[in-house]
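Per-chain numbering from 1; labels A, B, C, D, E and F assigned in written order.
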Amino acid sequence: MGSVGRVLYPGRFQPFHNGHAYAIGWLLERYDEVVVAVGSAQEGFTCQNPFTGGERVEMIRSYTKARGIDGRVWIITVPDIRMPPAWTSYTLSLSPRVEAVASGNPQVLDPFKWLGLKTIEIPLEKPELYKGTVIRGFMAKGLEWRHLVPEEVAYFIDEIGGVERVRRVCSSEGR
Amino acid sequence: MGSVGRVLYPGRFQPFHNGHAYAIGWLLERYDEVVVAVGSAQEGFTCQNPFTGGERVEMIRSYTKARGIDGRVWIITVPDIRMPPAWTSYTLSLSPRVEAVASGNPQVLDPFKWLGLKTIEIPLEKPELYKGTVIRGFMAKGLEWRHLVPEEVAYFIDEIGGVERVRRVCSSEGR
Amino acid sequence: MGSVGRVLYPGRFQPFHNGHAYAIGWLLERYDEVVVAVGSAQEGFTCQNPFTGGERVEMIRSYTKARGIDGRVWIITVPDIRMPPAWTSYTLSLSPRVEAVASGNPQVLDPFKWLGLKTIEIPLEKPELYKGTVIRGFMAKGLEWRHLVPEEVAYFIDEIGGVERVRRVCSSEGR
Amino acid sequence: MGSVGRVLYPGRFQPFHNGHAYAIGWLLERYDEVVVAVGSAQEGFTCQNPFTGGERVEMIRSYTKARGIDGRVWIITVPDIRMPPAWTSYTLSLSPRVEAVASGNPQVLDPFKWLGLKTIEIPLEKPELYKGTVIRGFMAKGLEWRHLVPEEVAYFIDEIGGVERVRRVCSSEGR
Amino acid sequence: MGSVGRVLYPGRFQPFHNGHAYAIGWLLERYDEVVVAVGSAQEGFTCQNPFTGGERVEMIRSYTKARGIDGRVWIITVPDIRMPPAWTSYTLSLSPRVEAVASGNPQVLDPFKWLGLKTIEIPLEKPELYKGTVIRGFMAKGLEWRHLVPEEVAYFIDEIGGVERVRRVCSSEGR
Amino acid sequence: MGSVGRVLYPGRFQPFHNGHAYAIGWLLERYDEVVVAVGSAQEGFTCQNPFTGGERVEMIRSYTKARGIDGRVWIITVPDIRMPPAWTSYTLSLSPRVEAVASGNPQVLDPFKWLGLKTIEIPLEKPELYKGTVIRGFMAKGLEWRHLVPEEVAYFIDEIGGVERVRRVCSSEGR
């Protein structure tokens, strides 16, 4: 079988949506395995980061299990350290060994490039819709959002009362 | 004598105003003691957090002493850790033992509820006026703000030159 | 199928050894799923913590995959925050939802008990031998250690030159 | 009455013992008010720091209330930042305004002196006995310790099962 | 020669521009030596902080060497701690001894004044133009910015591809 | 003139001694410039780290100026982040660009090697004598230590009362 090619895919996944699902599929066509790094993992219960790190891990694994790709995906939790250039080796040290780092976001990729790593710019799928801010905004306003995320994720968010939570925490921004 | 009922009341208190005073009164009707947790305690000298943690402790105790409730109130200082879900047990560990957590802010209450604690939503008193942002805004613009805070607090803020400080640090936002 | 029972199992896993493997087996007899929380995840390349968080994730998953229990095990990475009581809700927030916390170490369990969680004291298997300090000591001194860890772990440690690393970093304690 | 003289008194208070009580008395003879700064406040449930910050606050206030000095004592919680020279202004910013800093420990005083503050070296009372390490050691070994702390503190420690806790967490040092 | 007078000059220097150069000159007329403290030193590769701490050190020293003032200037790197009042003694502890602190920004000066240090308000030179936000905005939009910084700095920014970086990271704000 | 070769040289320098001076000389024979990274820069006033970051910067520059190598040496201050693998890119981000990292300590070098950087093992000069622990021990015990450091450093330590400080803070270990 030869050696395993693995790629790191960092994101916040608030929530995990179709754009993320598409990106994982795109990466699995090119690599044997993907390491999904759940960033800002220490966050939760705020308007920008309503879901805890663990909830996001559950969301993502419910998706990978349902799609039969669980064996090729790793999910790690990466709390913020608020030092972008140092975040690179920090995240690499929490991750199974990888050959490259992939993202659609230059702010994520450029520090890895600066450090000498191979970086891959993922083409974004419908970035104006498949976007955390947009989806959380729909939730807060009571609009339909379920078609923008995999069904396993919609099911999970409903199970934990996620929409009601987003509505509450977004109503009190500014404490 | 029976057991003592205690409730935790977290806030930023920039500055301590009539809404906070009202909330403490409301809680003391329902509990024997209140633990006031001065959050973002490490802050000071910025437009959003002009007063240091210690200054806010002084403000609050000058009020509780003047009103004869000092013996039923605890005041603790809680610096930020920037991890909302972990902030719960962090704050509980800095606090005398409590039975419940009270706030008018869902972002404060919901993580405690998630953790299994009893939470109490305090009804807000004139939230459009008794609000830190509004009061700091009045100070920065030279408008009258003293009627929005207890007189002991107004006296303290004048004593430390608080209005001049707010004006200066709010003029230089963005460094 | 009914609800899934999940238990949290925190540890440092420097390295993952037979005692840890035994504990996971013991927990899987009692719960549907185990969440392995790799603590001190930000460490690596020191005598007490020679392996990075990501290397420990690889070690552990190479074991769970080989034993066919990968589908029932979750592995998360939990960097230190150096506040034992707050570590509880921090770790819970990084973890898929759990019913209980299990460990052989009172320092890990007692803060969770203080917080009101169900805790389970795992009986230790040969604690004088199946112990990180002992195994790292054997590595540093050139003694045999492979019989103390699962064979997949021994294979992984050899693959990354782990013994040589332990020898080097333990030789320079004190900088 | 004129201006109030206040002095800062930092310590870890694991637990609060007769030496600390003596120091507070000594300071109240010289100053109007004492600010007790509970250091390493984020700790708890370890052998060196068995009691949480909040438990230490309760211990100390049960003492000051019983002795009728509650009105002249402030108690603040100061989590570690692990930067000794910066700890000075950090602690000052969490404290009501003070004129001087007092301690029996040069490591505490010297950074304040370096910063230009007035420092006061408190004479230690029976330092070989009235010492946290000694008292925790007695607790762990099942020896008598109650005569080394104020009775209110002994009562509190018994109430929370403190001796059993010390025994457990000290038995598992090294995880 | 007598004693050396030294002044601390903190800033973010994103990038180092003519206003900063002017300030250093102004201070060197009044003091023997200036300590330039590169703040938010752990940042880099974001729209607000595109350049790493080390790149800013290089920028500044390329300027001081070219102008023959290298021997009278110190450059230190000061990562954020996000506690404004504590930042004072933190920065002082990283700096060669100084007599005073100078800045054009009240948010920087006021905490030092609170701590009892001598502070100096530097008159700002063309603050509407010589300003980091303005210069980064020009870079992001493809406008001319080179006349706003010393030529050594412009040369350095071109050498590291700084304009292209600013354009990329500012295009993806919000991740 | 061609490109400049620069090497990073991290250490704690408590205090800067003959072994460090030798290492800098050794590196300047091989590289055009050396970047001295003062690690654990946020420390000071403890037995293991008696001197502040800024005092160590002064010590080192007093040496490089006296020896005429100031123009070829950079000195940066690097506070601890307590995550060894992430410390690599953190330190690189605070440093002017370098080609390689040099140290006599495998714990420093190995994480950089893991990250893909060129590392250089500096031969240690009399490591049993030219060693911070040894020198601080001599100071604490009142033994002669001046022959173990460059004379400019001895002069500086005397100027700030360093020996008395070491004696005091080492006498109170354990607070």
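FYI, contacts are C-beta pairs under 8 Å (C-beta built on N, C-alpha and C of every residue); 3 or more make two chains touch, one makes a residue touch a chain.
Being a predicted model, the structure only gives us computed values, none of them experimental.
Listed by label, the chains that touch chain B and also chain C are A, D.
Contacts with chain A and chain E are shared by B, F. The chain with its Cα centre farthest from the Cα centre of chain C is E. The chain with its Cα centroid farthest from the Cα centroid of chain A is D. In terms of their C-alpha centroids, the spacing between chain D and chain F amounts to 35 Å. We define each chain's centre as the mean of its Cα atoms; on that basis chain C and chain E are separated by 45 Å. Mean C-alpha positions place chain E and chain F at a centre distance of 25 Å. Residue positions of chain E touching 2 or more other chains, listed in rising order: 42, 44, 52, 79, 82-83, 85-86, 90, 92-93, 111.
Contact annotation for chain pairs lists A-B, A-C, A-E, A-F, B-C, B-D, B-E, C-D, C-F, D-E, D-F, E-F, with touch applied as defined. Residues 42-46, 49, 52, 79-80, 82, 165, 168-169, 171-175 of chain B are the ones that touch chain E when the two sit in their complex.
Residues of chain A touching chain F in their complex: 81, 83, 85-90, 92-93, 111, 115-116. Here chain B touches chain D in the complex through residues 41-42, 44, 52-55, 57-58, 61, 65, 70-71, 74-79, 90, 92-97, going by the rule given at the top. If you check the complex, the residues on chain D that touch chain F are 11-12, 82-86, 105-108, 110-111, 114, 133.
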